[in-house]
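Just below is one structure, and these are the notes that go with it.
To keep things simple, chains are lettered A, B and C as they appear, and every chain counts its residues starting from 1.
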Amino acid sequence: MVSRAREQGPPQAGPSVTTALSALVRRDLRLALRQRGDLLTAVLFFLLTAALFPFGIGPEPNLLLRIAPGILWVTALLAVLLSLERLFLADGEDGSLDLLLVSPLPLELAVLGKVLVHWLSSGLPILLSTPLAALLYGLPAEALPVLLLALALGTPTLSLLGATAAALTLGARRGGVLLPLLTMPLYVPVVIFGVAAVDASLAGLSARPHLLLLAALLAAALPVAALAGAAALRQAAE
Amino acid sequence: MEDGCAPGDPGALVAEGIACRRAERLLFRGLDFRLEPGGLLLLGGPNGSGKSSLLRLLAGLLRPAAGRLLYAGEPVAAEPAAYRARLQFVGHQEAIKPVLSGRENLGFWCRLRGLAGGAAGAAALDAALAHFALDEIADEPARLYSSGQRRRLALARLLAAPAPLWLLDEPSVGLDSRSVAALVSAIGRHRAGGGAVVLATHVDLGLGEAQRLDLAEHAPDAPALAEWQW
Amino acid sequence: MSDLARPPAGSALHRFASPARFLRLAGSLQPWLAGGTLLCLGVGLYLALFGSPADYQQGETVRIMYVHVPAAWMALFVYLCIALASASLLVWRHPLAGLVAKASAPLGAAFTFLALATGSLWGKPMWGTWWEWDGRMTSVLILFFLYLGLIALTNAFESPERGQRASAVLALVGVVNLPIIKFSVDWWNTLHQPASVMRLDGPTIDPSMLWPLLIMAAGFTFYYLWVMLLRVRGELVEARLRALQRLETEGR
């Protein structure tokens, strides 16, 4: 498990590991591009939900601006969550996971590779469509770079922690309900600092400390997700 | 194959007192065998006796409940990554992505095992596809393949990314007689080159001389079943 | 992928011997733990309700503290126990550790819920609202969700072993996250509502209040150990039953 990964010693690093990792990333990207529907799901969900809130709250500009950071963060989070369930599902069902485990590529790296593709196919499109959503809430142009930076630092953390949960629930009954339950407590800090960064810049304060905290969360999530995700996938194959 | 990604020296695969437990149930125990390079181990036994589990165990996907596994004199547990680099596993599932073509599927699994692309890699890929008569449909999306064609594509992995140890779970399921002949000849060539094969099957494929292991003989008796559940 | 370097014969023996030994040990501990629970809770509740003074600020509502604070302590203590059990399950693969974690999770969730409910009861007269987004209460709420996740994940698989090991990984991820969650929530809290909230358990506390608190905490701990061992014994008996059923159906 966690300790076993350490016992294995350094993986035979070198050209073969790089080849294998880039092959995995390129294949998953190709799969994502060929199944464009999946690619659009996250963005569409993000934009539609963000557009729906003003109908529930009323079009008062000050109120909308006040809640915009929170709404945009939570909808981005839900959009990421929406696409997480499928992260390991297909590989687990068609036997690809077994071959991934039997391949010489260290599983920890394979998990990070799959998370990278997940972020590129969900986090990045959300990030690119954020200016559009910010427009709906009348977010001032000065706050937009901070929002984008916060999302750029925060959404990978959401993908990483979510990947752990997706790996843990692989093969579970009611996997779809489990995923939000498992990820919600882990996502709280990201939302808090992500929203605080935008709030600070709206209030004319420096968003730097919040952005640094978001970066620290990302740095901490990388090894946790790699180790826990790999451990969970090994369990799923057993 | 290219330098640097050589499949490694073949060695003997040795099992010492292996036991396997699945979902609280002891499947078999006290399993010993020694498979030399060039050897073939045929796994027999009724359904549920643990043939697939033993193959998954040999592939490192399952942990033995007792006993240990050695490859080329080294405990597998000491260098799992090095051991994995020396084996190819073809299980029940073909691990084929329907939106990718046969060639793309095969190429991915080769590169995942560290084989570089390039001309040499492409030549090995073509040869593997041709051996299993897939060359004409190699560029079609795999979702159009029949179940026999999917099976052949999975088997083509063995030739495209060579490894000294093959672990095959019912490889002939769904294959027509011509494809079975292709499989038998591939196994023959592999063994002639010093490769070893562990194969679970219910049908006699005519693979020549082989060691046989009947898992029913290693099934736990009643007291052991009760004991082990704890 | 695994360490096969375990002593081949010893592990079988070990697996067999330990549950039987455990059952004997747990059985002999049971009356002591039950007695300790009843004694401590009896004395503690008497002192809390009758033997201690009302607070000069909070009045009689302060007596909620004697349940609330030990419950909150137990919420964290049980999580710590689960994390330790999870680590030993993943590292040494000891089957008993998985059962301890599985048996502890609902108890921890119950303590967490008790802390939330008593906090809410206390909050109504003190803050005038059933729920206040106070830093501590919010952290406890998130801990409650973490417990729910552990319970749901443990029971989400056909194979009990897989459920236990999956939730062990989650428990360890949660341990890494708990301090971060606590820090972020406290920080969020001070950001949004400047310290107007009075702490339920202040730094200074009179001995006449401290003793009932400690006795109640001891009673809660005894209760946890008692019921946890009971539940582990139940799980073991169930596993034994499943084994016997398998023997029956397989006709051996």
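Here is the rule we use: contacts are C-beta pairs under 8 Å (C-beta built on N, C-alpha and C of every residue); 3 or more make two chains touch, one makes a residue touch a chain.
This structure is a prediction, so every number in the text was calculated from the model and none was measured.
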Query: Quick one: which chain's Cα centre is the longest way from chain A's?
result: B
- line: Set B-C beside A-C; more C-beta pairs touch across A-C
- prompt: In angstrom, rounded to a whole number, how far apart do the mean CA points of chain A and chain B lie?
  reply: 35
Centre-to-centre distance between chain C and chain B (centres being mean Cα positions), rounded to whole Å: 46
- prompt: Where the centres are mean C-alpha positions, what is the separation of chain A from chain C, in Å?
  reply: 31
- prompt: Going by the touch rule set out above, which residues of chain C reach two or more other chains?
  reply: 1-3, 158
Multi-partner residues of chain B (at least 2 other chains): 60-61, 63, 80, 84
- request: Indicate the residues of chain A shared as contacts by at least two other chains.
  value: 101, 238
Query: What residues on chain A touch chain B, complex-wise?
result: 8, 11-12, 14-17, 19-20, 22-24, 27, 30-31, 34-35, 90, 94-96, 98-106, 237-238
Message: Per the contact definition, I'd like the list of chain C residues that touch chain A in the complex.
response: 1-3, 90-91, 142-143, 145-146, 148-149, 152-153, 156-158, 162, 165-167, 169-170, 172-174, 176-177, 180-181, 183-185, 187-188, 191
Query: What residues of chain B sit close enough to touch chain A in their complex?
result: 4-5, 56, 59-63, 79-82, 84-85, 87, 89, 91-97, 99-100, 104, 108-109, 111-116
- request: Note which residues of chain C are touching chain B in the complex, please.
  value: 1-6, 8-9, 11-12, 15-16, 18-20, 95, 158-161, 236, 239-240, 242-244, 246-247, 250, 252
Query: Once bound in the complex, which stretches of chain A touch chain C?
result: 1-4, 7, 101, 161, 164-165, 168-169, 171-175, 177-178, 181-182, 184-186, 188-189, 192-193, 196, 217, 220, 224, 228, 231-232, 234-236, 238
